[in-house]
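The same chain A turns up in both complexes below, where it pairs with chain B and then with chain C.
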Partner chain A sequence: METSTSTGADSHVSEQIFEFLVTELTHYSRAHCAPASDSQRDEEEALAMASEMVQAKVERMGYSVGYRITERLALNKTWNVAPNQDTAVAVASQQLEAVKFLCKDVWLELFAKQIDKLQTNHRGVFVLKDLSLKWMLRFPVGAEDSRIMAQQLLSYPCGIIRGCLSNLGIPAVVSCDFLADGQSMAACSFNIKVK
Partner chain B sequence: MASKSWSPTYLANQLWAKQPKANAELFALTYGALVAELVRDLETNDKIQAELDRMGHSMGIRSVEEFLAKASLEPQSQTAVTCSQFKDTSDVLKMALKMFLGITTEAGVQEDSHFSIQFAENPLSLFVELPPDRSDLEYSQLLCGYVRGMLEMLQFDVTVTMAQSVLRGDEVNEMRVDLNQVLQAGAGDDYQEE
Partner chain C sequence: MAAISLAIIGKNNEPLFIKEFFDESNRCSTNFLYEEELFGLPPPKDRPPPACSLRQQFILHSALDRFEQLAGPSPGYAWRTINASGTDAMFVGLLCPVDDLRVYGYMTTTQIKFILCVEDDALPDDQPSVDEMIKRLLFKIHRLYVEQTLNPFSSMGAPISSPRFESQLKSTVTAYNHAVAR
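Right after this comes the complex of A and B.
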């Protein structure tokens, strides 16, 4: 029996191939932003610079993906925002709605699970905690290199978050952190600060 | 039922049903962002395609392991599919492409030293239109590298090209696989077993 040749929201590829592609994307960025062998700067500084450039590159790609995928995912979404409210309250509730959308809908598409924990100070700072991020499970713990690489890979979801929020009209800065250093690379947090 | 009734298409669909899935739109957009980045960095189509080919190649190498682990192609299993001839690999390729990319392929030309596979949907080119100044770019070059990588792990040195592409205005996507040589099995002279 042939399966239907569907395209659109219900079409899929395998999880592995997506993961391989993201890995290749980071790998390419790393190869492209090799540390400059500039004699004037010392080596450590050059390495740190290169790593930053890789992160920026991966993040930029994530941003464009996040911006576009939000367009698709938010197509049939009804926003639960009460109208005619005091502006400060309205803005805060809009932001919360957007972040909730990110934690549920977007994360579900990215990692087939929801964010484990969402914290906010209701003044534009959100902390999203994911205790077992699929892509990170196989990273070795404790190696110095692996932390740098994990950070570069994490730039991709960071970019997606920023792109998603930007599409929803919320300019933000996103950074990431590891929650269980020394035990697992898979527990991480994403810190969103609305500009 | 005799084992011959397990057609590659049936097996491919079974493998596909068991796979954990990811959103195809997300995959397509990620690939799009990557190609856009390559266009910015590398400028010429040749360089971009070479890079995409290299990426596909390393993805293919990794996919083979996954495929062999899950597809259970051992002779003793019910689902025996053997590649005694080069053209038989097109059946296995059909299964692998379904399993990883979810695409249903049809066999095209089947010769001793080359074969082609056709497919209507291409998950890489979802939403894609090539701008006029990049109309020569082989957008799906990653797929060619992917197939090359997979077959290389099975000891076949091949050249893969897109013979037809929907993006370039053809009716169907067609990938042509040419056999250059069958690689020698084993680790070579450098490796001596104790």
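Right after this comes the complex of A and C.
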């Protein structure tokens, strides 16, 4: 990952260190959202609740990062929208341009690669597929714990996507999925639904 | 073409930052009224005086209407020349002249609007180069704004209250004012 500030001196962050940080961020959130211990009669529910809370927390952190980094990356970036269009068409093409910006510029900055696949129904639903998300490559496959943890960590890029789009004026709901469950945790898809 | 005042307006037309640039020495107290004083209430003692005189606030407000006309709800971007990109596409240009002032606009991809008010004392022949200089100044201010948003402790979409931003802005504008002073 690389971030450059406008002061001229480019500051770089080591990829490995950043990966550690993202993982630790999930650990930190888990430690802060421990399941409520007094509700012993329904432990499973408490666990699920805590997991949700961790996801929400990590997602919010991602949102803030996505929002801010978009401001930086859009510094020199404009997209042309053909004038004299129908409003609905213009809005749709704006959304597509914003998602393309996300797939190309933002992903390039975060993961040094573009999104592998972008699908849309042209009615406000976008599906982004990344077949080897860098942060998820080292997750063991098959264990239930690992799956829960991976889900929580995946809320972070979800939040980044939501923050990025929200700064570009598109309120959206983002959810994520694993594509190749048995084989790899790193293949995942993000579903964006514009509100 | 000295810069007089600047407003940064957020996505939903909420003011993020309003500032008038002036010499502390010739600050005229009658122009800098608290909102309370407009309604005949006593001025509050616990707040610093407003950063912008009423006249400048009115000018910036009325310029925002013109801005809306140009930038408007989509399909907007009426000001853009075809195939312009980057800063050229963000620079809206002259919004309107007001008395002896000219008001310029700039809008980022993330829908943040910058409105800059400058003195109107350039010769007509100089106008293209003056526009170029103002464009460059606005781009510098845009970069300062981006730096301010990158600060993880600044709150998103809230009015800017950062001494660092203010001092950097001040030095940028002072440098510009020196460059254009004759």
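General observations
Simple rule for what comes next: the second predicted complex is superposed on the first by the 183 of 195 C-alpha atoms of A that agree within 3 Å, B and C clash if a C-alpha of one lies under 4 Å from a C-alpha of the other, contacts with A are read in each partner's own complex, and residues count from 1 in each chain.
What we mean here is this: a contact is a pair of C-beta atoms (placed from the backbone, for glycine too) under 8 Å apart; a residue touches a chain by one contact, two chains touch by 3 or more.
Computed from a prediction, not measured in an experiment: that's the story for all the values here.
Counted by residues of chain A touched, the larger count belongs to B, out of chain B and chain C. In the superposed model, A:R68 makes contact with both chain B and chain C. In the superposition on chain A, contact of A:H122 is made with neither chain B nor chain C. Using the contact criterion defined above for the overlaid structures, shared-chain residue A:A112 touches chain B, although it does not reach chain C. Of the two partner chains, chain B is the only one touched by A:L21; chain C is not.
By the touch criterion defined above, A:K104 reaches neither chain B nor chain C. Touch criterion met: A:V13 reaches chain B, while chain C stays clear of it.
By the touch criterion stated above, A:T87 is placed in contact with chain C alone, chain B being left untouched.
Once the two complexes are laid over each other on the shared chain, residue contacts for A:T78 go to chain C alone; chain B is not touched.
Contacts of A:K57 after superposition on the shared chain: chain B is touched, whereas chain C is not. Residue overlap on chain A between the chain B contacts of one complex and the chain C contacts of the other covers 5, 7, 64, 68-69, 72. Partner chain C is touched in their complex by these residues of chain A: 5-7, 64, 67-72, 74-81, 83-85, 87, 90-91, 94, 167-169. For chain B in complex with chain A, the touching residues are 9-10, 13, 16, 19-27, 29-34, 36-38, 41, 51, 55, 58-59, 62-63, 66, 99-102, 104, 120-121, 123, 126. Interface of chain A with chain B (complex): residues 1-3, 5, 7-9, 11-22, 24-25, 27-29, 32, 57, 60-62, 64-65, 68-69, 72, 109-110, 112. The residues of chain C lying in touch with chain A in their complex are 11, 73-75, 77-78, 80, 82-87, 89-90, 108-111, 142-147, 149-150, 152, 156.
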